[in-house]
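Below is one structure; the comments refer to it alone.
Per-chain residue numbering starts at 1, and chain names A, B, C and D are given in the order in which the chains are listed.
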C-alpha cells in the first residue's frame, strides 16, 4: 500500500480532525502517502483531492469540525456516482480509503469495498448509534456541551423558580438526551425509545413543586417533539413559568474532549495499520471494553445499538 | 445605620452573587447587619427576610444566578404593596436598602426612597441598557456566553458550508447582538435599532458565497424577529442550507466573568459605604471611565442609552 | 438495612459530589436513611456525622470537590482508631457504609468489612490506578483539565517558537501524562513506567526544529522529575527557549465532566442497591466494558493496573 | 497610502489575531494592501513579509497567540538594524505600519516614526501597564484564565482544608494579581507595589482558621517572590497544609474574551483609518471611558500607569 485516502462524510463530529491528523502522521511514519478527499463522497466523485503532509494537520487536534469538510452525497448512491469515484481513486493511485462518518457513510464505504477498494471506517457521529462500538467519535464532546448548557440554564432557572425545557439532538436516538439528562441532573427525559407521557412529567413537576423545589429541567430529544411544544403542554396543564432552549448545531461543534481526541487518534492510526498490509480489507472500527475492534460491514445491517435504558431508569430513580 | 437589606429583582444576571457577597462582607466589616430579602420585592412585601453572615456568602462569588432568588412583583406596583414593604422594613429595623436589578427594579427603588428609605441600586441586567452607566452587571458574561456558542456553531457550519442564524436576547436593545456579533465575527447583525433589511443580508450571502466563502453567521436580536423566521426568509430567497439556534436563558446563566465579579464587588461595597453615612440617600450606581459613579433617580427617566452604533458599523465594515 | 453512611477519603476527585447525590437520592427512594460522615475516616472516628436529605444534595452534581470534605487519617490505621470508628457507627445505627476514595481508602474499607460492617467502595481518584476498574472517578475530568491547559500554552508557544514543559500529577502512575499527552498532541511524554532518556527528547527537539517546527510540548509526570529540572536539562543540551508550567492541584478541581458525573451517579446508586439487601457485603465497584462490576477486596492486593503503554507508543509514533 | 504593514512584537497576548484580522479587512475595504511582517521586528529586518488577503485572516478571531508570530529583537535596538528595517519597508513599498505589542514594541515604533515611517501602535500585552490606555489587549482574557484556575483550585482546597498559593504573571506590575485576586475571592494578594509582609498574611490565616474557615487562597505576583517560597514561609510560620500552583504561560494563551476581541477589532480598524489619510502619523492607540484615543509617543516616557490600589484595598476589606 503506497497511497491511501481519507474523507469525512455526513454530519461532522468533534474528534474528526484528531483522526485525520493521526491518519496522516501514522501514514507518513510508515512511508504511505495520504490524500485528503474534500467534501466527503462529493469530493471523491469530483476529484477534489490533495496530498496531506505533516504541516496540513498541524495545530488541528483541538479543533472542532473537519478540515476536510463534509457533505451528504446523493450522487454516490447511484452506480454512476460510485463508478466516477472509483475512477478518481484509480487516477490518483489511491489503493485504500478511510471513511469517517455515521452509518450512511459506512454503507457507502461498504459499496466501495465491494468494488474492490480496501476501506476502513471510523464511527464519527455524535449520535452514538453505530453497531459494533460502545462509543462513537464526537458523542462525549456533544454530551459535555449539553451539560454545560444545562448548568448555565439551571443557574437562572433556580433564581426564578422556573421550569426549563431543553431540546437536544437525537432524531432516532435518545442517547444524548439520556446521558446529558443523567449527568446534568435533569428531572425528566423525553426520548424516542420510551412512550412520551406528558402527564407523568407534569405530575412530577407538581409534586416537586409542592415539596418546595420550584425549578426543574426537562430534556427533550428532537425526534419526539419540539421543545417549544413541550413548553406549551406544560404551561397548559400546570400554569408554571416554563421556557425553552434549542441547542441546535452547537452540539456538533466545539473543541473535542480528551475522550474524542484519544478515540480519533487511536482509530486513525489503527485504520492505517489495517490498510498498510496491502491485503484486501473491509472493516468498521469500534471500541469494546476500551479496546479497538474491527468488525465486518455485515454488522451494519444488524440492529442499531439500543439506548442504555439502565441510565434512563437510573435518572428516573434518583431525580426525585 | 445599623441594619441594611439587599434584594435582587427582575431578570437575574451573572455577578449578582458577587455583589451580595461584597455587601455582606463590607457591611460586617463596618459593623452593619445585613439582611437578605428573598424573591425580590415579593419577599419584601411578604417578609421573607433573613440575616446574612459571612458563611451565607461563602463560595458564591463564582456562581451564576442569585442566592436571594428574584421575581417580578406586580403587588409592589401598588400603593398597598409598597406600604406593606415599608412595614416589613420597619419591623426588621432595616434602615437602608440595596436593590440589584434592571430599570423596573430601579423604579421600585425610587418609590421606596420617596417613602423615606435610603436606597442604592446596582445596575444588574444582561441588557446593558441602564441610564448612567457604561456597563451593567452580567452583560460581559452574557456576551462571552454568546461568543462561545458562535465559536462552536462556526466549527460545524464551516465543515458543512452552511448558514447559521443565532437568536440572542434583546427585546428592545441590540447590545448583546452587536457586541457578540462583532466579537464573534458574524457576517450580519439584526437589531431593533436598525431597520431590518433581509435583502441586504441575502445579497451579502450570495456575494460571499460567489467569492468561495460558503458559511456565514447571522445574529438576530429576539426583539426584531425570531431566528426561525429569518431562516425561512433566507431559504426562500437563496435556497442556501440555513439552520437556527435559540440560545434562550443560557445567556443569563453561567459563572460570571472577571469583569462582572469585579463590578459586582465594587458596586456592592460602594452601596454599603453610601448607606453607612446614615444620611438619606437615593442613588443609582454606575460606571464611567472605569470609575464608580452615583447618579440620582431622576436619570431613570431620561432616555435609555443607545446601542453603540459605531460597533455595528465596524462589524459591517470588516465582515466582508 | 435502615441506615447507611457515606464518606469521601484521600485526595478529592471531580464526580464525588455526583456519587454522594446518587447515594442519598437512591437511599431515600428505597426508604433508607443516609448519613454523611465528614472529613473521611477522621470524622468517622470523631463522630462528625449528619443525616443527609434531598436538600443536602441539591445543586451539587456539577460541583468539584466533595461536600463531605476529605482527609487522610493516620488514626484509622491503628486498631484503636478503627474501634472508635466502629463505636460511632453503632451509636448512629449505621449498618452499611459507602467509601469513596483511592486504594488507601479501600484498604480502610476492607478493615471495616472485616470488623463486620457491610462496606462498598467507589474508586474515587484522579490517578486511574485502582485494580478492577477501567476508569476511576475524576480521571476523565483531570485529563480534560490538562488538555485545556496544553491548548492554551500551545497558543503562546507557537507564537514564540518556544518549548513548553508541563508538569502534571502522577507520583507513581503515568496515566494522566499519557492520556493528556496523546490527546493534547504533545511531542514527548515522560512517565514513571518508562526509563527517562533526556537525549531522546532533545534529539527529537533538534530534529523537528531543523524541519521548521519550532515549538514543542513535553509532558512530565511529577513522579519522574520536576518540570523545572527538565527545562534545565533541555536548555543545557539545546539552548532552546524553554518554559515550565506546574498545573498542581488545579488538576483535582473543576466541574466534573459528563463521564465523571455519570460514573459517580451509577456507582452511587449501585452501592446503595448492594447494601440494601441486608446481607453482609464487602465489595469494590468498578467499570468493565461500560458495565458496573463489584469485585472482592482481595483484588486490592493484586498488582496495580499498568498504564496503557499502547497509548504511549501511539503518541510516540504520531508525534513526529 | 497604498500599502501598510502589520507586525506583532514582544510577548503575545490574546486578541492580537482579532486586531490583525480587522487591519486586513479594514485595509482591503479601503483599497489598501496589507502586508504581514512575521516574527516581529526580526522579520522586518530580515524581510519575512507576505501580503495578507481575506483568506489569511479567516477563522482566526477566536484564536489565541498571533498568526504573525512574535519575537524580541536585539538587532532592532541598533541603528544598523533599524536601517535594515527601513530598507525592507521601502523594498516592499510599505508606507505605514501597525505595531501590536507592549511598551518595548512601542519604543521601537517611535524610532521608526522618527525615521519617517507613519506608525500606529496597538497596546498588546497582558500586563495592562501601557501609558494612555485604561486597558491593554489580552489583559481581560488573562484575568479570566487566572480566575478559572482559582475556581478549580478552590474546589479541592475547600475539600481538604488547605491553603493554596497561586503564582501569577506580573514582573513589575500587580495588575493581574489584583484583578484576579479580587474577582477570584482570594484572601490575600501579594504585589510589587505594596510591601510584602508575610506576617500579615499568616496572622490572617490563623485568624480565619480559628473562625472555622480552613481554606484560603493567596495570589502572588511573580515579581515579588516565587509561589514556592511563599508556601515555605507559610508552612514554617503556621504549619498549615499549603500548596503551590504556577500558572506560567497558560496566562498568555487561550481563546480571547469578548472584550479582547472587541478591543482588537476596534483598534485594528482605527489604526488603518489613521494611516489611510496619508499624512505622517505617529500614534499610540488607547481606550478611555470606552472610547478609542490616539496619544503621541511622548506619553511613552511618562510614568507607567499605577496598579489600581482601590481594588487592592477593596479586596482586603471584603476578604475577611
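Annotations
Rule of thumb we're sticking to: contacts are C-beta pairs under 8 Å (C-beta built on N, C-alpha and C of every residue); 3 or more make two chains touch, one makes a residue touch a chain.
Here is each chain with its UniProt name: A, B, C, D = ATP-dependent 6-phosphofructokinase.
Bear in mind the structure is a predicted one, so any value in this text is a computation, not a measurement.
Counting hops only between chains that touch, chain B reaches chain D in a minimum of 1.
Shared contact partners of chain A and chain B are absent; no chain touches both.
Averaging C-alpha coordinates per chain and comparing to chain B, the farthest chain turns out to be C. The centroid of the Cα atoms in chain C and the matching centroid in chain D are 35 Å apart. In whole angstrom, the spacing between the mean C-alpha positions of chain B and chain C is 39.
Chain A and chain C have Cα centroids lying 28 Å from one another. Listed for chain C are residues 151, 154, 158, each touching two or more other chains. If you check each pair of chains against the touch rule, the ones that pass are A-B, A-C, B-D, C-D. Residue ranges of chain D in contact with chain B, taken from their complex: 18, 21-22, 25-26, 28-29, 54, 58-59, 61-62, 134, 140, 143-144, 147, 151, 154, 158, 179-180, 182-185, 211, 213, 255, 257-259, 261-262, 265-266, 269, 288-290, 311, 314, 317-320. For chain D in complex with chain C, the touching residues are 8, 11-12, 14, 63-66, 69-71, 145, 149, 151-162, 164, 243-250, 252-254.
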